[in-house]
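What follows is a group of structures, each given as structure tokens.
Two complexes follow with chain A in common, the first pairing it with chain B and the second with chain C.
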Partner chain A sequence: MKKGGGRGLFVGLCVIPTAILFTLFMVVPTLEVFYYSFFGGFNKFNIVNKEFVGFQNYIDLFTKPSIAPKFIGTFQNTILLIVLVTIVTFGFALVYAGILSREKIKGQNFFRIIFYIPNILSVVVISSIFFNVIYDADIGILTSFTNLLGLTVKWKSGNEIVIFSLAIAMVWQAIGYYMVMYMSSMAAISESIYESANLEGAGRIRVFFQITIPLVWTNIRTTLTFFIISTINLSYLFVRAMYGTRAPQSTWVLLYYMYEQTTDYGLAMAIGVITFLFSFLLAGLVNAVTKREVLEV
Partner chain B sequence: MKKVLAMILSVLMVASLAAGCGGNDATDEPTTDPDATTDGGETKVEGTIVVKALESAYGADMWKEIKEAFEKAYPGTTVDLECSVTIETTLQNELQAGTYPDVVHLPTSRDPKIPENMISSKQLRDLTPVLDLTNPGEDKKVGEKIIPGFTDTNATNPYGDGKSYLMPMFYSPCGLFYSANLMEEKGWEVPKTWDEMWELGDKAKAEGIYLFTYPTTGYFDAFMFALLSSTDLGIDLYNDVTSFKEGAWDSEEARQVLEIVAKLASYTEPTTTENANNIDFSKNQQLVIDGKAIFCPNGTWLPGEMADSTPEGFVWGMTAIPAVSDSQQPTSFTFLEQIWSPAGAPNPAGADAFIAFMYSDTAADIFAKYGAIQPIPGVSDKLEGDSKTFYSIYDNGATAVMGGFVATTTTDVSTSVEYFDPVNLLVAGELTVDQWLEGIKAANTALGAGVEA
Partner chain C sequence: MKNTILKERIVKAIIYLALIIFALVIIVPVLWVFLAAFRPNSDFRGDTAMSSPWSLPSEFRFENFVDAWTKAKMGDYFLNSVIVTAVALGLLLVLAIPASYVLARFKFPGRKILNTALMGGLFVNVSYIVVPIMLLLLGFDRAIGTTFFMNNRFILSVVLASTALPFTIYLLESYFVTIPAAFEEAAYVDGAGYFKTMFSIMIPMAKPSVITVILFNFLAFWNEYIVSITLLQGDKVTLPVGIMNLSQASQSKAEYGRMYAGLVLVMLPVLILYMFVQKKLTQGMTAGGVKG
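For the complex of A and B:
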């Protein structure tokens, strides 16, 4: 009893600093966001005088003519990016991981490093690579290529195109990281399973879809949730790093709209709450939809 | 045991919550009314004066010299100076936390809109008494030294009540910048009217040169203010538009302004929109230097900003914006940098003395040395070179316009998004003048609703 108590005290003391910091910097601010989203009339220069407005901020976001179209537009942009970037990134990451871990290719490690490099670059560097080297109207690689085909594509300002320019940069940035993740879990799949599949006469594609993917499914599920949440953050970072404070309206994403375009704090907090709930909901949804029986290797 | 652990944790949790509240209370403190201490310069100027200054094209050394000169003029004072290009980031956080500086040199019409927000939330201190102060060793009052008219516009008196909440610091005429070399080489005349402008545009297009480019759409405020003041309606249209008067955009003249911008959009260098953001804008300015575009709306800071990539022997030219109406003169908007003091300033007497000192002979000489021109008679005569050409724009018959949009409490609509950003879409051909006008009219009504009567 006495011995156990001493250990409990020790554990308690060890947990306290983290508990305090976590409460102070995570729990309290998060709750405050919820609380202040019900207030109006305060901004960064006047945080003292605020009045309780109930659900007005939320109603404004979806109905007020000066806000609703922009807010719904940013919401659509965010969803488009999440869906597009996730599908493309995961598709490429899985296929590349499958190829690099199953096939015998010269320079396997070289490709592995090449694909992984974007991940160690900061968002600012990636933005500048894309904006100044790839999309630039004068010397950009992609622009030169489209000019060759006789098309004029405005990668940085074309109303319909910019969101895809963003998506390309985000996919490029993320593929390597997820590829390495899947490669490590694919390496754990026992060789004997593949051998028996070979003996049964299964083709490569069939092996990939019926053996590899099901066996790394747990990993895919976890990374999917991570990825969706990080896309919400990353999309803001990319827009901000590429355009500064003057991003074209067709690239506005939820957090950009909240941080750069909303001066009313209550409204911004309401956007924050919606983003928070949205990511939770999406993570839960993805988790539920991807639920499969766990296969043991 | 579990109980003890739970107790410790919950006590700590409550304590941490209380600590959080304590922090909040502290931020309320500096909002006490400071006006009481400003009484015509009788108060003793002492202690530390916290000064935040935006390092614009004039450089940071200028402010260091000012700090030394002030400390010499007022023994016993210390100026705690912070001067940086990114002052807005730190200042914003400090204001948010309730830590107010005494004096801020930061103009309106910049993207973070700090002074505008301070104005609309009534967080600025009335600086009218500063006009009655006299600097040490001088006999003229500050108000008598400033060029008449500079303390009368909404650039310094945001509420239109005759009180100055901001003081005019440096002014610089805005206009269309061009390469004097290119014009000379091709034998082109600088157009005085829009008809001549279109003519030049067609001539240049035949040689593969575009008539127009712009750094970002943010530069269209000064450009359109100049156009708005030179229609048949004169300055009234400009005043109506900037004060968000209902129906300000209903007239045929207002439409003419938009039509000119839209026509100019069709003469704009096509890669302009690609770089019209706060990060790549200098690529657009480079187009003028490289002779790929002729005109670029800008201010006098442009040559300094582009100095690194300007070849030797390049000569900048600047012209006023041609008038919309034949009966009006070409017009140039004057960009005014302001200095102000937050209502929460801890040392108001020191702040007033510091701001008054900006207009002393000593300070004016220091500023002029760095090319920062104050609205004090005679200062612009001391200029040389490029600057002399730029500041002589008004001597050559151009009308000066000053000010800007009045403060409004409407926060969900912004002029930069509704009025000026659409120019990018116009250039890309994705917007018509009618759609643009419709958006502006709606924004005008929304913004007007937030203007204090």
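For the complex of A and C:
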């Protein structure tokens, strides 16, 4: 590498502005989430007079009668969504990826292009589509199907059902993205493995479970970890875009509850910290549980 | 033998059915929005409201788009979105490309800390830190005694660009690392300085990954709403926030036509772009690994 000649100036000009903005708008706010979680009695309109409360916000979340049941409820909703959305999304994404990369299909490109569309749309658009087009009580597309079956399902307002309405929208949004992801790792599997499986007379389903899935397992694990972290965030974005600030309590997820605390930012930040730690814990746990011997080809 | 052929055909039929059903599940609601954007309000409420989602529009009202653009201020919001997306994207490229190159190629004090912090930043979602960012900007405003940092589209662009840095630098840096050092050494021998080498040799070579970065961040900035809704208000909001407000207003005031026209305005640029770049987008995505 070249010596001297303004090297320091060059490196500084390239890195320092970036480092400053990154520190100002990411590092500092992240540290502040933790810092503010130990304070109480402040909000958007009263920032100056905050008061150090130690771990009181955390204690309140789990013990205070006016908070704890709601907080535990949002925890349950979040976990339900993570389990449901992850299993259904990954199931469909893997099956469709298997079909599109293994079968001779007419219009293969067409299907890939269409399936990816939800991923490029804004959460606001998707929420509005589901809320007004699919779940509407009078003219919703899904409502018209459930009516046909003689069922009255209140997709938008039914207390028991809204969390599943949310899950459907999230699955709809995610399948295509992960399908494309798996298609590319499936394309890397060598043809000769499939040929020898065919010679042994293995059927489609056996090939899928015993060859395709094990060979893309590393990719499944990586995406799973990221999926869990992003589901916690996306679930909030969907609830907020669908219901604004008046979501029915049965759809409240962790981050929604955080944003509910407009009068007590300290409590909000404590919820943020717990959510943050929970997402890492869960991702780490899933990563450990799914550990298998890596098959190389 | 005949049996296996028959069985094969049935399996194929099921496979096609599965593909077609999922394709319809995606296309039909999107097309429905496009059709609904032309419907008069009377299609949605009162005695003349349609009885099923499959009935055709009673008339085609192009005025919905005019109403959305002017009366519902979608024109203003569209312009806001264009400004925010363009400024944020430009700023992001100026900040991220040279930094990624230097991080990939030069040793300097603090490099390791910066790299580690950026990697950590990949896991910090902006939803967690919007409130502290807002408090920070409110603090700045208090310090200067006037409202400048809040409700400012350019500041929003700066925030969006800053929070996109970890993912963008991660993609670009891993690309710069793969370019052989011989290219730079040749440039230095020819007497090119650091700046010239970066701008005329290295950045052009990183074009594929720069394009990936532009595509992904364009989509992210254009579709973003959670930072905008916190930092902007009134006439300055971006299109997705405008849609959310209209969508909530339409539940009471029943301006459905305008709302659907507004939805079309948000979707159309993205769908048109997608038609041209879908191959690049999906290739770039799998090359770059996972998005946060």
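The definition used in the following text is that the second predicted complex is superposed on the first by the 273 of 297 C-alpha atoms of A that agree within 3 Å, B and C clash if a C-alpha of one lies under 4 Å from a C-alpha of the other, contacts with A are read in each partner's own complex, and residues count from 1 in each chain.
Methods note: contacts are C-beta pairs under 8 Å (C-beta built on N, C-alpha and C of every residue); 3 or more make two chains touch, one makes a residue touch a chain.
Source: prediction; values computed, not measured.
In the superposed model, C is the one of chain B and chain C that contacts more residues of chain A.
Once chain A of one complex is fitted onto chain A of the other, the partner contacts of A:90 are absent, as it touches neither chain B nor chain C.
Applying the stated contact rule after C-alpha superposition, one finds that A:75 touches neither chain B nor chain C. By the touch criterion stated above, A:26 is placed in contact with chain C alone, chain B being left untouched. In the superposition on chain A, A:180 contacts chain C only, with no contact to chain B. Judged by the touch definition given at the top, the superposed model places A:39 against neither chain B nor chain C. In the superposition on chain A, A:103 makes contact with chain C only, while chain B stays out of contact range.
Once the two complexes are overlaid on the shared chain, A:267 sits against chain B while remaining clear of chain C.
In the superposition on chain A, no contact is made by A:58 with either chain B or chain C.
In the superposition on chain A, contact is made by A:117 with chain C only, not with chain B.
Across the superposed pair, chain B and chain C both touch chain A at residues 5, 8, 11, 15, 19, 23-24, 28, 44, 47, 131-132, 136, 138, 244. Touching chain A in their complex are the following residues of chain B: 1-2, 4-5, 8-9, 12-13, 16-17, 19-20, 27-28, 31, 92, 95-96, 98, 111-114, 117-118, 121, 123, 216-218, 270-271, 273-280, 283, 411-414, 417, 421, 424-425, 428, 430, 442-443, 446. Residues 11-12, 15-16, 18-19, 22-23, 25-30, 32-33, 36, 44, 49-54, 95-96, 98-99, 101-103, 106, 108, 110, 114, 117-118, 121, 123-125, 127-129, 131-136, 138-139, 158-159, 161-163, 165-166, 169, 181, 184-185, 188, 193-195, 198, 219, 222-226, 240-241, 243-244, 247-248, 256, 259-260, 263, 266-267, 270-271, 274, 278, 281-282, 285-286, 289-292 of chain C touch chain A in their complex. Partner chain B is touched in their complex by these residues of chain A: 4-5, 8-9, 11-12, 15-16, 19-20, 23-24, 28, 43-48, 60, 64-67, 131-132, 135-138, 152, 154-159, 242-249, 261-264, 267.
Within the complex formed with chain C, the chain A residues making contact are 1-2, 5-8, 10-11, 13-15, 17-19, 21-30, 32-33, 36, 44, 47, 92, 95-96, 99-100, 103, 105, 110-118, 120-125, 128-134, 136, 138-141, 144, 172, 175-177, 180-181, 184-185, 204, 222-223, 226, 229-230, 233, 236-237, 240-241, 244, 255, 265, 268-269, 272, 275-276, 280.
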